[in-house]
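A, B, C and D label the chains in the order they appear, each numbered from 1.
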Amino acid sequence: MDKIRVAVIGANGYTGFMLLRLLAAHKHADVAYVTSRSEAGKYVWELYPALEGAYPQLKFSEYDKSAVENSDVAFTALPHTAAAEIGGALVDGGVKLIDLSADFRYASKALYESTYGVTHPRADLLSEAVYGLCELNRDKIKTARIVGNPGCYTTAAILALRPLVESGLIDKTGVIVDAKSGVTGAGRKSDVAYSFCETDDNFKVYSAVGHRHTTEIEEKTGIPSLIFTPHLLPVKRGILETIYAKTMAKDLREIAACYEKAYKGEKFVRICGSSLPELKTVRGSNCAAIGFALDSANGMVKIVSVIDNLIKGASGQAVQNMNIMFGFDEAEGLPAVGEHL
Amino acid sequence: MDKIRVAVIGANGYTGFMLLRLLAAHKHADVAYVTSRSEAGKYVWELYPALEGAYPQLKFSEYDKSAVENSDVAFTALPHTAAAEIGGALVDGGVKLIDLSADFRYASKALYESTYGVTHPRADLLSEAVYGLCELNRDKIKTARIVGNPGCYTTAAILALRPLVESGLIDKTGVIVDAKSGVTGAGRKSDVAYSFCETDDNFKVYSAVGHRHTTEIEEKTGIPSLIFTPHLLPVKRGILETIYAKTMAKDLREIAACYEKAYKGEKFVRICGSSLPELKTVRGSNCAAIGFALDSANGMVKIVSVIDNLIKGASGQAVQNMNIMFGFDEAEGLPAVGEHL
Amino acid sequence: MDKIRVAVIGANGYTGFMLLRLLAAHKHADVAYVTSRSEAGKYVWELYPALEGAYPQLKFSEYDKSAVENSDVAFTALPHTAAAEIGGALVDGGVKLIDLSADFRYASKALYESTYGVTHPRADLLSEAVYGLCELNRDKIKTARIVGNPGCYTTAAILALRPLVESGLIDKTGVIVDAKSGVTGAGRKSDVAYSFCETDDNFKVYSAVGHRHTTEIEEKTGIPSLIFTPHLLPVKRGILETIYAKTMAKDLREIAACYEKAYKGEKFVRICGSSLPELKTVRGSNCAAIGFALDSANGMVKIVSVIDNLIKGASGQAVQNMNIMFGFDEAEGLPAVGEHL
Amino acid sequence: MDKIRVAVIGANGYTGFMLLRLLAAHKHADVAYVTSRSEAGKYVWELYPALEGAYPQLKFSEYDKSAVENSDVAFTALPHTAAAEIGGALVDGGVKLIDLSADFRYASKALYESTYGVTHPRADLLSEAVYGLCELNRDKIKTARIVGNPGCYTTAAILALRPLVESGLIDKTGVIVDAKSGVTGAGRKSDVAYSFCETDDNFKVYSAVGHRHTTEIEEKTGIPSLIFTPHLLPVKRGILETIYAKTMAKDLREIAACYEKAYKGEKFVRICGSSLPELKTVRGSNCAAIGFALDSANGMVKIVSVIDNLIKGASGQAVQNMNIMFGFDEAEGLPAVGEHL
């Protein structure tokens, strides 16, 4: 099989790095073109020496639409609205698009615009864009021209919540997602707040109310008013969400059965039951892992959902989407085994 | 003023270390006697070289009741039941007791016994023991012979919850405490689960249901059925609790006013309002810091409560109790400024 | 091509884990048998949940020689002397052996015995054992029945030092290796000295004089009396060695030319010149990276050599040795791109 | 005793923070004035919430010479040359100066100027400035108007090397200082290179040749050409230096006797002998700790010297200098017990 040509637009950040790291091991993809305004002209390995062996000659370029149109697929890792503008133009030019920003995630233009406080520059494309949570939308992704790759917090939350909501096992009101993320979730930043000295050995809440991922989770799960609190962990990679919901389930087996039915045969979702997953269970892999416990006295289920925010929560799922769109083995290039250490 | 003689029983663990570290700077206390079964005969600085300057000659001894009876006060840092047995005998012999185990924390013998699965060996002393949360029970502590020093999770939770419960600003049902603790909370352990390789760069829930501190918080706050989930942070020291409760407060000022009234003039409790406190705000100090946010859409208050688990959550509060019991300046020997770095 | 059958003897430790993690992605190898005395009967994923997807049915067994003899190759991750006894018997029975202990590393029986303070139980096999530093001994490894897989510190040191010694660019006397290792180098341990609380945020020298790897480096480089100091870094994985040697080189290019000649075409050795490599350059990969600087005022070259101690320093090199022994692509199953994050 | 009035010029960085933290507990000092160009107008606790209890009303000001001249002593934590200009003017105005930059450290103007690549703006003051390594220059400090507070690396190196050089126990040629520092050594920085994601779990050499502290150590020890290599540890605070020197000492006791003589009665220098000190031995305290081992085969002594870079390596020593200059107890306000945890 010939290899497809891949472009990564905005490749200098951490999701860009992880795309390059994963694609380096992909049998059917060639990274042909990577852009970065701030790093244009540099070799990729000057920024990321770890990539030297894989990309000895690849340089960051300024963005040039005609160069990208040579590609079969483009990943856009750009700020919102810029992603829709540039990505939309690429789609117009015949390139398939996997966008890692929020621009093509929402079905509702209004919800996107109120959440991000902007006007959507390519609202004309929203109706055909597919939300790229692979396990939920696989069939639509197969034929999509545009995939809106899900957010990191949202991936962990939706995978955990949607089967229970759909089967009526939990009450949709009063659901709480207490979410903890590693620092790569904030991106590659020159900001004293994310410096080692201010972050290591610390732990904090940020965006105590109104984090943007809240509405994305609400739209995709049908939960009308989610209570969502993100925290910053002193680790680089990984998200763990502790989720609280009123449950109608009589016992853990009912919960387990619901998940097992929803994710039967899925390579990248593990149901761990009462052996709750930890960050190290999945870090370094494209897996989500879900465990749960019952607080019977309060009629409450506690769900623990973990992912590697840069892999299943961003670049890994983006590659998984690419695999689905091009008919490759869905697991190609994607690590299924966590690092543990 | 003459110095009082202090004994630390079970001094080799981390609460013992922190007692010694704090007492080294205390103007009115002399550490006269420290015991440890496993380390008897060693200099304290062989185990903790950082303490060499403060205690060049102090050695761990085997426990010997007659030696301890020489002391004005004993801190017991022993497993539950052993603490009550040994500590109870010391009280019988005229020594004041500050016990860091759970043995003298509960008003209800039955609740203690069902929580810990043991028979209380000195239930005769329960009625006179005072729960040593200094800001709540200061007057009783002044004249107490026995103080049950609060648990770490419970200190952070009770300080945050009790004023709101008492003033009727939150609903006592459905309260959730999502708690995250540093690893010193587990003590000084030869256990692969707490090794650096298994803990660093990781994050996990443990005791998803049924953690023992749950009943202690319930008894002290009047919350009938608390939902409590402890997590293990990859940091050494510090607890941050994210607390969710249905609130009747109309706005943040009502919450703030309640806390300010409750803790007016308190040196070791800071009310941070919507500038939520972080671990580094208090680590290294005896302070608790409390912040809050309102999720109006859900009628929910989110409270963030932080302490250093080894100081305000254990040894610092124990010294604060000693200061109250002996009429010293309540802040003597206790750092009021967090480390930040 | 049929897959070979692989046994891992002593698989519960971290080198065992990493062997299993790497072999899970290996095209030509099937892990048929794993042993552990302490974990026998458990599923591998009970100890390492990250491996559940790769080995859903694999259990640790008690060691049983007849079961292992079914294998094409055995990896022994056992204490020294036990490795030679068990591994030697397997070789007698026709199984190829890659031993991760020190038992088959030394050419000199006397040096091994004085270094480890034991009698070699299978000295009869020493003359045919090949030292498995792949880049140096590739041809001998191809036909070896027994490979002594190098130590972690030694791999980083020998790769850095041998080309310079052989080309006469450095003085063999007075060479200093100031070595810093992550905690996985100490193995999977229930030891308070390696607990998170005692190790995080700390840094220390250990074995200030007389570390066992000293003689292994001396034997393989011809340096008569190496000055070697190992330190413990608060990271899980990675070794960085800062090496000091008197040099006869006039400039950096002479040093660079020597390394480039020695490692031309090597996939797993990167020569970085004056852009000194860091732990993150190689962590997660089977690569060694070597950089250098000249202190002209002192006629001294400073060499920086880094590896991932669990991969190139142990299990990765072991798999590389297997690939060479069985005629597979030498890079099969081995990550060539560092994690960076 | 009346309190002295203290000004901190350039107080927003980490040495400024640590000065404020230490002075908060000082019996004889009042922080009357703190400046910061970037933070002027903010409360100190807005930047450092941990300091709220100690300084509820203190604000950063723009620098105003007439305001500072009200002070008894000024600490300058400014870039080099700016420190000499501003500090020099304060001295002219009658304020005692403790400068934390390099401007008043060197006896040799030429060496300062070649090391820092600038012209000294107040060379007229160099001859009266005293190098503030308290244990070496105590008598001169007592009467100094200007103290040049030593660098962090240099404090650890000079304390370890000078007694051995002076007693002729080591050869002054070929001395190597392999130094490892925590990240606070780089200051409070908005720089992606010091972000959590690029620093945590990593370790690297920086300034492989030519670090500026080299000449400061050379001038103060009389070592003509030091080999110095700084590394960046993934910890916030602490410096550990592994020092290699040819020794004429016959055994460890000769080394120990030399140090004990040099530091007899010193409260902040501990001689640990062959029980080598670790970062946690001193972190959080104003102590230096020195241990050593003999590599007899190579006639080499290995010395391990540790300090907390922000305390004994900067702000703690600055306060110690203030105590000496004003006749206070030299230990006032200075923690003598390490944190260990």
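Just so it is clear, a contact is a pair of C-beta atoms (placed from the backbone, for glycine too) under 8 Å apart; a residue touches a chain by one contact, two chains touch by 3 or more.
If you're wondering where the values come from, they're calculated on a predicted model, not measured in any experiment.
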Lowest number of touching-chain links that must be crossed from subunit A to subunit C: 1
Size of the rotation, in steps of 5 degrees, that lays the CA trace of subunit B over subunit D: 180
Most remote chain, CA-based centroid, reference being subunit A: D
Distance between the centres, which are taken as Cα means, of subunit D and subunit B, whole angstrom: 36
Between subunit D and subunit A, distance of the C-alpha-averaged centres to the nearest whole Å: 46
Whole-Å gap between the CA centroids of subunit C and subunit D: 40
Residues within subunit D bordering two or more other chains: 14, 184, 197, 201, 234-236, 278, 280, 341
Subunit D to subunit C touching residues, read off their complex: 174, 176, 178, 180, 197-198, 201-205, 208-209, 225, 227, 229, 231, 233-236, 238, 240, 242, 244, 274, 276, 278-280, 283, 293-295, 297-298, 300, 302, 304, 341
Complex contact set, residues of subunit D against subunit B: 14, 17-18, 21, 24-25, 48-54, 184, 201, 236-237, 267, 270, 272, 275, 277-278, 280-282, 284-285, 287, 289, 310, 335-341
Subunit D partner contacts - residues on subunit A that touch it in the complex: 14, 183-184, 188-192, 194-197, 199-201, 234-236
